[in-house]
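Each structure below appears as structure tokens.
Both complexes shown next keep chain A, but they swap its partner, so chain B is in the first and chain C is in the second.
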Partner chain A sequence: MIRTELAIVGAGPAGVCAALEAASYGVKVTLLDREQWIGGQLVKQTHKFFGWYEKSAGTRGVVIAKDLAVKVKANPDIRFMGSTEVLGYYQADGVLLLETPQGIQTLKPERLLVATGASEKMILFPGNDLPGVYGAGAVQTLMNVHGVRPGKSVLMIGSGNIGLIVSYQMAQAGVKVAAVVEALPHIGGYAVHASKIRRLGIPIYTRHTIKEAYGTDCVEGAVIWQLDDDWQGIPGTEKQLDVDVICLATGLTPLCEFLWQAGAEMTDIPELGGFVPLYDEHMETTAKGIYVAGDAAGIEEASTAMAEGRLAGLAIAYSLGKVPDHEFSRKRQDCLKELAELRAGPTSQAILKGLAAMREQMGKQARAQTRKKVRS
Partner chain B sequence: MSHAEDSIIVCRCEDVTLGEIRKAIREGAVTLDEVKRITRAGMGPCQGRTCRLLVAGEIARFCGKHVSGILQSKYRPPVKPVKMGDLAALELTPLSEPGHGQQSGASPECTCGKAVNGR
Partner chain C sequence: MEASGIRITQHPILDFPERRKVKFYWEGKELEGYEGEPIAAALHAAGIKVLHKSLKQGRPRGFFCAIGNCSSCLVVVDGVPNVRACTEKLRAGMRIEMQEGVGPVPVSKE
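And then the complex of A and B:
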């Protein structure tokens, strides 16, 4: 059994920023990731960020990942365990079960941060199991990590930021983007990304979805159609597209298996991507000593994930008695201010609504706990 | 419901179709666990990461409920398949003996068993 002060599951932007913040106060951190590299999804994000990275926007995700990896490796208080998958959290003993390259091991931390990110949502259509149907994450890995084009011509499903950015990157890589379809009546992502697509002459069909994919051994084409107000396809509006790749960017949902296993209170908040844990202003869940940050706490962006990670790392160091009160309250305010600024844009309205709903439930939960204590 | 729709794969790990899922629901399986036990949807290598939401959506539509009102199944460890031999090779250390069996790879300064501020 390995023991550590803080175990962090996931070495993406949230987990790494939490590790660096906690370690800056001398917390002994064990940082776990199933991949051998540090940076999570950042390693495939070749586009520039809008958010601040230490107050400098315009940095590419892949550059941020390299920078974070250098900082982690130089920090003697952080032990990075790559190629290590967490298999489960055993609530009764407070133990994580790990599959490492050296075999199965157990890890008992004093504090646990779940920064596991998200998984991609699938949609149902005939032919969705044909080779050539990819998630947007897989396409980014193929192209931006391994330098492999997924095919010659692609239909992109979903016009959120991921759908738009990956479409643009495929166009840059020489893949013909036949169309981007969006079930909503409006484009989901930022106008700046959508404009780049439109300038290349790529059509974006709103109120459209895929009807079917066809092909014998792999995708040979797709049919799209228009949706009515009840989300049903309208016969007669079908368009046939000659594509060999169908890329799904139909949303993400928080990956919270270990929080369920830890017995943290969970709630379904559509604005945050599905079931998320209730957590307080220290990023602590209702399971004591277990924290959350990044997409696992609600689907947002790498910039907010980094700020949440710093807040969680700070709060964990404080809970271990390593941060003086005045410094904690000052730095906590800085983190909260940064998060508020990152969420100030009009596209963040839904996130703010979702967070308010989560906090209301957290408040109810806390009041119920207090009443229980008063009675007993 | 068209034939094409019936044959859509919902659970890719276990090759479970939409037709099979809907049949199970019509026959009374209205929680994720019930659908899982009857059809095996969600019992493969990805443990439902792909199909869980889709199955919940089908149940919700059939019952006229919101997805959040559908009884979730538990996320038991391990969250992915593991070889029995690997698990058997693990020597369990009783937690009542802090520090005992600590591996050489662990941080030499770890604070096991000590008071919170006592490093």
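And then the complex of A and C:
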């Protein structure tokens, strides 16, 4: 059995920033990822970020990933185990079961950070199981990591930032995007991303959705139609699109299986993407010693994931007695300030509402725990 | 673009370095892909999208998430069922079959 002070599941933006922060206080970190690379989904993101990454505006995700990987590899206190899948968490013993390239191993950490990210949501329509219906992340992976085009012509469902960015990336890779449909009456993502794809002549149909996908063995086409104010399709507004790929960018949901296994209190908050763990201002869940950061704590984006990762890494180092009180409270304030700034925009209103709902439940939980202790 | 146009050879931001081509078999038919890329990428580049038949109704399935979350792309590799085509790396000589439902019980070599 391997022993470590801090095990981090997921070497994406949240996990890596937590590892670097904790290691800066001398915490021995084991950073785990099922992929061989460091950076998680950042390695697929060719677009430029909006300037929160260490104050340098306009850095591409792929470049941030490379930079983080260099820092991790140069840090003697971080052991990166790539191509390693964490199969489960054994609550009674506090042990993680790992499938490594060298075989099955067990790992017992003093603290655990779950930074497992998210998975894509599916929407309902006839033919949604046909090969050729792909998640937006899948298309990004296929194109930007493996250099394979998803198909000849694509219908994108969803005009949030992921839908818009992946549409642009497909155009960059020489794939025709036939249309973007959006069920809401307005475009979901940033205007800057929408303008980029509109300049390329890609139509964005708001108040539209997919009616069906058709094809014998694979997608051979799709029908879209307009929605009325009750979200029902309007007969007679159907448009047939000759596409071989339907790409879903209809939202993400936190990947939290380890937290369920660990017995952390979970709650369903739609604004955060579904079930999320309750966690406190140190990013610690109700399962003692188990922390969460990034999309696993609620769907946001990479900049907030990095800030949450730093906060978790700092709090974990503090809990291990490696950070002086005054330094902890100062640095914690910095992290909280950064998070507040990242969430200051109008698009973050739903996130803030979701976080407030989560904190309210966390407060109730903590008060109930106190009452229990007093009684016993 | 190469003949099939499905492999990206030129990209404004990314570089795709040359990799070693290897032969493998899909349903007994010899195909070519790049060593170390996911099986699903090699098959997709070869025009193969149906990887699996669903458990109850035998409906065609391809990959969906491409990062090992969803189990939509299970195939049989060298007699072993339930291999995720999207994460398993291609090796020379691999024999890959479409998986029907839960797939065959692997035969022991003893």
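Assume the second predicted complex is superposed on the first by the 375 of 376 C-alpha atoms of A that agree within 3 Å, B and C clash if a C-alpha of one lies under 4 Å from a C-alpha of the other, contacts with A are read in each partner's own complex, and residues count from 1 in each chain.
The criterion applied here is as follows: a residue touches a chain if its C-beta (ideal position, glycine included) is under 8 Å from a C-beta of that chain, and two chains touch if they have at least 3 such contacts.
Computed from a prediction, not measured in an experiment: that's the story for all the values here.
A.B. asks: Which holds for A:S119: it touches chain B only (first), chain C only (second), both, or neither?
C.D. replies: It touches chain B and chain C both.
A.B. asks: Tell me which partner touches more residues of chain A in the superposed arrangement, chain B or chain C.
C.D. replies: Chain A has more residues touched by B than by the other partner.
A.B. asks: What is the contact status of A:G137 with respect to chain B (first) and chain C (second): first, second, both, or neither?
C.D. replies: second
A.B. asks: After the superposition on A, what does A:G26 contact: first (chain B), second (chain C), both or neither?
C.D. replies: Touch status of A:G26: first partner only.
A.B. asks: Once the shared chain is lined up, is A:T46 touching chain B (first), chain C (second), both, or neither of them?
C.D. replies: After superposition on chain A, A:T46 lies in contact with chain C alone.
A.B. asks: Classify the contacts of A:D129 with the two partner chains as first (chain B alone), second (chain C alone), both, or neither.
C.D. replies: both
A.B. asks: So, does A:R149 touch the first partner chain B, the second partner chain C, both, or neither?
C.D. replies: Touch partner of A:R149: chain C, not chain B.
A.B. asks: Intersection of chain A residues contacting chain B with those contacting chain C?
C.D. replies: Dual-contact residues (chain A): 119, 122, 129, 255.
A.B. asks: Using the touch rule from the top, collect the residues of chain A that touch chain B in their complex.
C.D. replies: 1-5, 26, 28, 30, 79, 85-90, 93, 95, 97, 99, 103-106, 108, 110, 119, 121-122, 124-126, 128-129, 212, 253, 255, 257-258, 260-261, 267-268, 274-275, 320-322
A.B. asks: Contact residues on chain C for chain A in the complex?
C.D. replies: 1, 5-9, 11-14, 16, 37-38, 40-41, 44-45, 49-51, 54, 59-70, 86-87
A.B. asks: Taking the complex as given, what residues does chain A use to touch chain C?
C.D. replies: 34, 46, 60, 62, 119-120, 122, 129-135, 137-139, 141-144, 146-150, 152, 172-174, 217-218, 255
A.B. asks: Applying the document's contact rule, which stretches of chain B touch chain A when the two form their complex?
C.D. replies: 4-5, 7-10, 12, 18, 49-51, 53-54, 66-68, 72, 74-80, 82, 86-87, 89-90, 92-93, 95, 98-99, 101-103, 105-107, 109-112, 116-117, 119
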